[in-house]
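The data blocks that follow each hold one structure.
Both of the next two complexes hold chain A, though its partner changes from chain B to chain C.
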Partner chain A sequence: MTRTQLSKLLIVGLALPALFVPAGCLVYILFKGLPALSWSFIFSATEGTGFGASSGILAQLLGSLLLALAASLVATPFALGTAFYYRLYASPRQQRLLVGLLNMLQSIPPIVFGLFGLVVFVHFLQWGVSLLSGAVILALVILPMLVLNSIASLERIPREYTEAAQSLGLKHSAVIGRVWLGQAWPGILTGQLLAMARALSETAPILFTATVFSGVIWPTSIFSPVTTLQTHIFYLAQEGNNQEVTQIAWGSAVVLLAAVAGFSLLARRLSSWSDKARVITSEE
Partner chain B sequence: MKIPQHKKIEPGLPQSCPRQVGLQIQGLSLALSGVAVLENIGLDLAKTGVTSLIGPSGAGKSTLLRCINGLHQDWQGQINLAGQDVRYWQGGWDQLRRHIGLIAQKPCVFPESIRANVTFGIQGWRQRRRANGLVEAVLQQAALWDEVSDRLMAPAETLSLGQQQRLCIARALAIKPGLLLLDEPTASLDTRSKLLIEQSIKSLAASIPVLCVTHDLDQAQRLGGDVVFMCEGKVIEQADCESFFQRPQRLESREFLSWNVCQC
Partner chain C sequence: MLRFWLSFSALSTALVIAAVLGFLLQASWPLLQSQGLGFVTEPDWYPYEALYGLLPVLVGSFWSVSLALLLAVPTGLAAAILCAELLPAHGRYLLRFSMEVMAGIPSVVYGLLGLWLLLPLLESQLDLLTGRSLLAAGLLLALMILPTIMVFSEAAIGAVVREQRETASLLGLDWSARLLRVLLPQAWPGIRVAVLLALGRAMGETVAVMLVVGSLDRLPQPLYNLLQPAQTLTSRIGREMAEASVGSVHWAALVASGLTLAVVAMALSLLVQRR
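Moving on, here comes the complex of A and B:
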């Protein structure tokens, strides 16, 4: 065996597990969860009895989506504000500092955010275990991702567009609104969808701040707790000996995966559509 | 990139600008990153006609246009437009730029329709919607109307480079500027587009002053009017086209015309 063949074998040997192990996980989850899926399982919402074994997951699914949407709505104005500050006013040193800080925030373990939310929002601000507490803490989790994505979207706008708009005497606000936001919105929206997918997959930050396992179907106000798929799976998984309950947990996992994958796929479609439009522009 | 903010506004100066404006530059100097790019520039532009700005690469021609337009603002000296110091223009640089059309070397059209590009600089969406007459007029002035009249809603990126450059000229004309600045508007364009744009510049110059940066000496002669020769950030000679090309007064000008090099 030549050295080239040996190195190729080594690279393939390292790459294959990285592909097949996650793929295997996915197949296993589908294998275990798909039999649990039914119309009534997904589209009925009854208060769980027997650790959720007898109930549908509509309330949990909508709770997860509601939290992700609320987190995105809370985080977006701050993310855009930070991105515009970065692009318009920050000195190169401030820009480096800001990016460093955002990267550091991204690496904070989610459970630490959960603990922070419990102390500050639930107890200190007395928002209780609620939709509001969960949305704000999830917003903090996805904020760095949203800011970095918004910065990247703004930086992709050709400098010539800004100068061309300025040359026409457009006001500062018009340049931002008509040129920057006008050009960057597909990228910003893509980031929103990815951030919502991330929010959907977070469990630790909302475990102590937003969710309860039983006693609630729909939140009646922003100060009501919610039930979510993530925490539903978490609680059900603790009843590992009960086959029926475990089956429900697998089914819930498949639905959660589908929701996350849905957001990610939508983001990818939007991103490739905007890239195509950009390529056409630059080719002409 | 940062959007420059106007710092000084002196109240009392008229906000409107006459259709025809003269441009006077005195003692204009600019340093970028500690390097002098423009040194003591003096220039007068008549109220109508073309002035070609020629010189070797790095002479500061494009930078001068950016100073006049306020894209560079840290210069020393004075730039007067219609007798008013541009630093104290009421409404700031944005308002000033509404009187100065600037066409870049590389055509830059927004990824919108041809019509939306023409009306991009018009303030107010109602005014933009009702600007059909203006759209036709400026596209005709830019010698583009015949080619796009039947597809105004088509994406502007579908036009050829030459057509895009003429669209940029039409877009600049739609804000009814009193002065038009062109930065090598025909560089890398085919001969037909070049001639169409030159024709358009000449007809525009009948009503407003046009300052056109060009590397093409034949083009400067075809455009006529005045010629300003710049080298290493200084104005070396300003004369009418015929005098400059027939009887250049300065040694540097003669060298440049003979060998296209300048040793200032």
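Moving on, here comes the complex of A and C:
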């Protein structure tokens, strides 16, 4: 055997786990979770009495979506504002500083935002364990990826467009509204969808700041706690090895996975669609 | 008006970082006041006896993260080389897609896999009373950071320019020499970033680790024993955050743990950005 063959064999051997483990994990999750799924499991809501043994996860699913949507609503004005500032006013030095700070913010582990939220929002501002606290905390978690994505979308707009608009005497607000948003919205929306997927999969930061295990179906105000799929799974996992509980937990995991995958796939579709549209318009 | 909104937004990133550090420092003040910085190296954590040593969780975090990197870096790097250099387009697409799927699985679902698949497996294979251990945490973390390492390394290797590859072939280098002498050195900055990002991710991962690490507040006996239940920085915060009463020294100690985590993570991010 030659040295080349030997080293290739070594690479393949080392990479084997990466080839089979992902599929294995996915198949195992589906194998455990799919049998638990039924119409009434997904589309009925219970208050989580009997320590989660009574099934029906509609409330949790809606809670997760609501929290992710609220987080994105809180973060988006800041994310877009930062991206526009980056393009309109920032000097190259400020641009580097801003990206550095964003990377730094992104590197802070989510659980730290959970602690911060517990200190500041739940106790200091007295918002309590609530939808609002959770939304703002998750907004902090997704802010850097939203900004970086918006900046990247804006940078794909051909420079001539902006220059043409400015030489026509358009104000900054018109450049943003008429040119940039019109050109960059698919990219920005893709970022929103990916951020929603991220917010849906975060558990640690909202565990003690936004959610409760039982007693809530639908929050009545922004100051009431919610119940979410991801924290529901976590609580169930701690309940022990009761057959019924494990089945509900796996079923919830499949639903959560489907929701996350749904947002990611939608984002992929949108970005490949807008790439195609861009190629067609530039060919005309 | 517009300018105000944009400037304020741009400032918000810096404000948030300052607020996180400031409020966490303020909330951990009761501990710092009574114990100074010495608590970092104290070996005992018994909140009921007012002992708040951070050493056990630091050791726990160190072992679980090291083990995860030890397993995931060779595998992820090999998979990246395989993907960038050896696989046909179809296989490449499949491997990338499977990594994306893995990266998309929420950490609490990894927790379930750890709890109900990995732990029983460890118990039966290693004949342990409980599989909850740093080994379990390390294995699970390895799985979770594999996509990060693979995706970033593959991008770095794939970005090595065609001329470099062609020159290497023209010089008559065989495949392994080309890999070791040209591709990996060229891609090294990207691979380094991949490893550092994975390190940060593994260090900050909470719920999955909480479910499998065992949450025992003791130094491993002996120090390299990975088969005992243990505790990491994140799992302690997650475990005790709901129990500690706000304003107590116990609470301050938990916030101090979080502050430690944040400071190390931000230092890592500086390291990532400095080439």
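Here are a few things to note about the model shown:
Basically, the second predicted complex is superposed on the first by the 272 of 284 C-alpha atoms of A that agree within 3 Å, B and C clash if a C-alpha of one lies under 4 Å from a C-alpha of the other, contacts with A are read in each partner's own complex, and residues count from 1 in each chain.
Here is the rule we use: a contact is a pair of C-beta atoms (placed from the backbone, for glycine too) under 8 Å apart; a residue touches a chain by one contact, two chains touch by 3 or more.
Since the structure is predicted, the reported quantities are computational estimates derived from the model, not experimental observations.
Of the two partner chains placed by the overlay, chain B and chain C both lie in contact with A:L88. Ranking chain B and chain C by residues of chain A touched puts C first. Of the two partner chains placed by superposition, A:Q126 touches none, neither chain B nor chain C. By the touch criterion defined above, A:S264 reaches chain C but does not reach chain B. Of the two partner chains placed around the shared chain by superposition, neither chain B nor chain C is touched by A:Q243. Of the two partner chains, neither chain B nor chain C is touched by A:S221.
In the superposition on chain A, contact is made by A:E163 with chain B only, not with chain C. In the superposition on chain A, A:H172 contacts both chain B and chain C. Shared-chain residue A:L26: touches chain C; no touch with chain B. In the superposition on chain A, the residues of chain A contacted by chain B and by chain C overlap at 88-89, 172, 176. Residues 88-89, 158-172, 175-176, 178-179, 183, 277, 280-281, 284 of chain A are the ones that touch chain B when the two sit in their complex.
On chain B, the positions that touch chain A within their shared complex are 1-5, 69, 71, 94-102, 104, 106, 108, 110-111, 120-121, 157-159, 164, 168, 171-172, 175. Considering their complex, residues 2-4, 6-8, 10-15, 17-19, 21-23, 25-26, 28-29, 32, 77-82, 84-86, 88-90, 98, 100-116, 118-120, 123-124, 140, 143-144, 147, 172-173, 176, 197, 200-204, 207-208, 230-231, 233-234, 237-238, 241, 246, 249-250, 253, 256-257, 260-261, 264 of chain A touch chain C. The residues of chain C lying in touch with chain A in their complex are 2-3, 5-10, 12-14, 16-17, 19-20, 23-24, 27, 74-79, 81-82, 86, 95, 98-102, 104-109, 111-113, 115-117, 143, 146, 150, 174-176, 179, 200, 203-207, 211, 234, 237-238, 241-242, 246, 254-255, 258-259, 261-262, 265-266, 268-270, 272-273.
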